[in-house]
Amino acid sequence: MLYHIRMDVNLPPDLDPEERADLLAREKEYSQKLQREGKWPHLWRIAGEYANVSVVDLADHDELHSVLSGLPLFPYMNIEVTPLAVHPNKING
Amino acid sequence: MLYHIRMDVNLPPDLDPEERADLLAREKEYSQKLQREGKWPHLWRIAGEYANVSVVDLADHDELHSVLSGLPLFPYMNIEVTPLAVHPNKING
Amino acid sequence: MLYHIRMDVNLPPDLDPEERADLLAREKEYSQKLQREGKWPHLWRIAGEYANVSVVDLADHDELHSVLSGLPLFPYMNIEVTPLAVHPNKING
Amino acid sequence: MLYHIRMDVNLPPDLDPEERADLLAREKEYSQKLQREGKWPHLWRIAGEYANVSVVDLADHDELHSVLSGLPLFPYMNIEVTPLAVHPNKING
Amino acid sequence: MLYHIRMDVNLPPDLDPEERADLLAREKEYSQKLQREGKWPHLWRIAGEYANVSVVDLADHDELHSVLSGLPLFPYMNIEVTPLAVHPNKING
Amino acid sequence: MLYHIRMDVNLPPDLDPEERADLLAREKEYSQKLQREGKWPHLWRIAGEYANVSVVDLADHDELHSVLSGLPLFPYMNIEVTPLAVHPNKING
Amino acid sequence: MLYHIRMDVNLPPDLDPEERADLLAREKEYSQKLQREGKWPHLWRIAGEYANVSVVDLADHDELHSVLSGLPLFPYMNIEVTPLAVHPNKING
Amino acid sequence: MLYHIRMDVNLPPDLDPEERADLLAREKEYSQKLQREGKWPHLWRIAGEYANVSVVDLADHDELHSVLSGLPLFPYMNIEVTPLAVHPNKING
Amino acid sequence: MLYHIRMDVNLPPDLDPEERADLLAREKEYSQKLQREGKWPHLWRIAGEYANVSVVDLADHDELHSVLSGLPLFPYMNIEVTPLAVHPNKING
Amino acid sequence: MLYHIRMDVNLPPDLDPEERADLLAREKEYSQKLQREGKWPHLWRIAGEYANVSVVDLADHDELHSVLSGLPLFPYMNIEVTPLAVHPNKING
């Protein structure tokens, strides 16, 4: 089941550089594990902002909450979730 | 070049049914032609709303405007455009 | 799977009274059929507004869109969808 | 009398972990006591956000304020209250 | 039980003058009946706007919805409801 | 002359408890003195929020600013002022 | 007593030209009468918008409401009222 | 003196096609005359929207209002004006 | 040339009292110098808020930016600028 | 390809003055290098605000993100990106 997610990251500019680097490394690892499992099929940077647009493919709302609240950057993000349905004009790929 | 588009459709409830059917048929044809050309790779319905989330793949901003303003439903839509860049955490498919 | 829905109804004050009565009768029938099927477990009026808060229990986003876009009042409503997950503090009933 | 409540939690990321754990434990205990008393019949997590949707069943506005302002997390929350009335389309369970 | 209500009236400027006069006369009668019953203790005009601030004193949310949705101007108003509790600094009159 | 005031209080959760208690005691004393003088006829808590709705009765805008900016909690509040006029439907008490 | 007023005018583009001319003529006459009486000391056009910023000098909120609701363009305007007090840094002219 | 202008056009979809064509032709002529006079140095289409971003170079606020309110599309536009100053980091061209 | 300015001041409640007093003294001196030069003809306190409405009379946008960014409180303010033109209904004083 | 950018700078008032001076010097150097390369053709200060309006001319969204996220002030800015297309009424310079 597909969910459209927009994540806006608000890291304090005075965050300890080591803590920041560690956070970002763990975020990358976490995100790439989910991508390899096929659960995070789309991930784009919003040009000019510290934000991304994602589409995730998960079993249900509980898995969605578990995946998003487990993001290392979760305490620093605003997240907006939009459930996606099939569009009647979509052609088969 | 990828653009993230959100389109919200506001058709007046009292639109003439024939005009409405004609508009929707032309919208479908227009959209599917662009899909077949590879210019509209993603198209999802926002569940519960008369709206969609799309990702289009076009040469530049002028082609983007030409494609969007040519939509038969363009006069009835609010459109929000977000340019997408590569995300550094994205793995190759 | 549970979805929280807020629906705000905007019927034009000058709508033909018969058309209005017919719309509302069909809305009631549609809503009550879904309630009897267990798909619309909660339905409350927001006090003082022509609006409701609902919780629906459906198979997936596609069924959600089908149910909501099939509402007779759909062309006259603003709808806001929020996916609900289990809360860790919730006790069993 | 039913009230619909949305609570958004804003804990500072640098909150002392022990203080945080203590806060969350007290919040859980407080919430579950009210649930056992039948005063907090519905509690859902908003998927992907540190937020919940609740329905509480209380005697009046004063009890409502007493219950909400007594939440251990109250100083860290934005709370939105919506009074709920019976919906005319609701069928008996 | 006290509720704070803000009502904003949006009458179309081209409303038939007779219909308008009739609406306003019925609104006045309806409002004054509730005032005489002690159910609408405060009613002020917001200076410079076609809007009012009211405090109503009603048994519960269902009576609130019944009272507000029965206003002759209801189809032309935006209504915002805020439940009021006792303030701890309030002295007895 | 009547002014409708909404005050939202934003005390930092980590405020020194003694400073907080002192602030609140001074706020109470200040508010009650104005109530006893008949200048603050209505004061209600907004149920579920650290906020109040007030109606104050003062000579003019300068006295209004003097009264509000003198509130001990003034540096921690958002304040919204709405001038109130007589409503034509109001009956005499 | 001074009030800061912002008025935004929303005349329908298809308003009958004669009705429009009549409205604007009456608005001008009404406004200039108040200016000559010293009740409307400041009146500026917001550059690029069909809107104005005004400062009016009136006895109280009731006169304010009477003056504003009597504007011929009142049914077509959004009006925002802000009470003005003396600024402590203001020097005498 | 430079002003940054954003114009959003809201033409009703059911506008008479001839009236629409006439409006657009006059808008074009009006805009190009100002461009040739050097008063409208920048004019861009916002990609995907019926809107533009402009920079105009005019003598003062009165000329600005005269130019903008004279636009044939003025009754159908929302206009946002932002005065522009020299940026200290700007290099000479 | 006239500009309408709204300034909202956000001084942190825990600002060092001496620094605060110094800031306010410098702000007063700065403002009064401009008033004496005829560049700041109107200055009002917004009743009940730490904010003001001003009208300044300056040569151009560059002088405007220089004047406003030189305010000692500038780093603590939100500023909103609106260019003012002559209103066609304005009578001569 | 042209992008319209609005940047709002939020430097904390208590930033260390040396760090602040260094940031601003690096921002200036960075910006001027891009201007000399022809990649930042327009740069204006928004009069009265710590903000600018820019037009940048870059190869694609990835270069845009690289340029903007490399700004020394990036962690302190809100950035809004709008893709610009050719306007049909634009005359050749």
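A, B, C, D, E, F, G, H, I and J are the chain letters, set down in written order, and residue numbers restart from 1 in every chain.
The rule is simple: contacts are C-beta pairs under 8 Å (C-beta built on N, C-alpha and C of every residue); 3 or more make two chains touch, one makes a residue touch a chain.
What you see is a predicted model; the values in this text were computed from it and never measured.
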Discussion item. Can you give me the shortest step count from chain D to chain H, moving only between touching chains?
Written reply: 3
Fill in: Interface copy of H-J among F-I, C-D or H-I, judged by whether over half of the contact pairs recur
C-D
Discussion item. Measuring centre to centre with CA averages, how many angstrom lie between chain G and chain J?
Written reply: 39
Practice prompt. Determine the centre-to-centre distance between chain E and chain G, using the mean Cα coordinates as centres, and give it in whole Å.
Written response: 27
Item to complete: Could you grab the centroid distance between chain B and chain E? Build each centroid from C-alpha atoms only and quote it in angstrom.
Response: 43
Worksheet item: Which chain D residues touch at least two other chains?
Response: 2-3, 45, 47-48, 61-62, 64-65, 81-86
Worksheet entry | Touching residues (chain side chain F, partner chain G) in the complex | 1-3, 60-62, 64-65, 81-86
Worksheet item: In the complex formed with chain A, which residues of chain B make contact?
Response: 2, 4, 27-28, 31-32, 35-36, 42-48, 52-53, 55, 82-91
Practice prompt. Could you pull out which chain D residues touch chain A in their complex?
Written response: 11, 13, 45, 47-50
Discussion item. Looking at the complex, which residues from chain E come into contact with chain C?
Written reply: 3, 5, 61-62, 64-65, 68-69, 74-76, 79-81
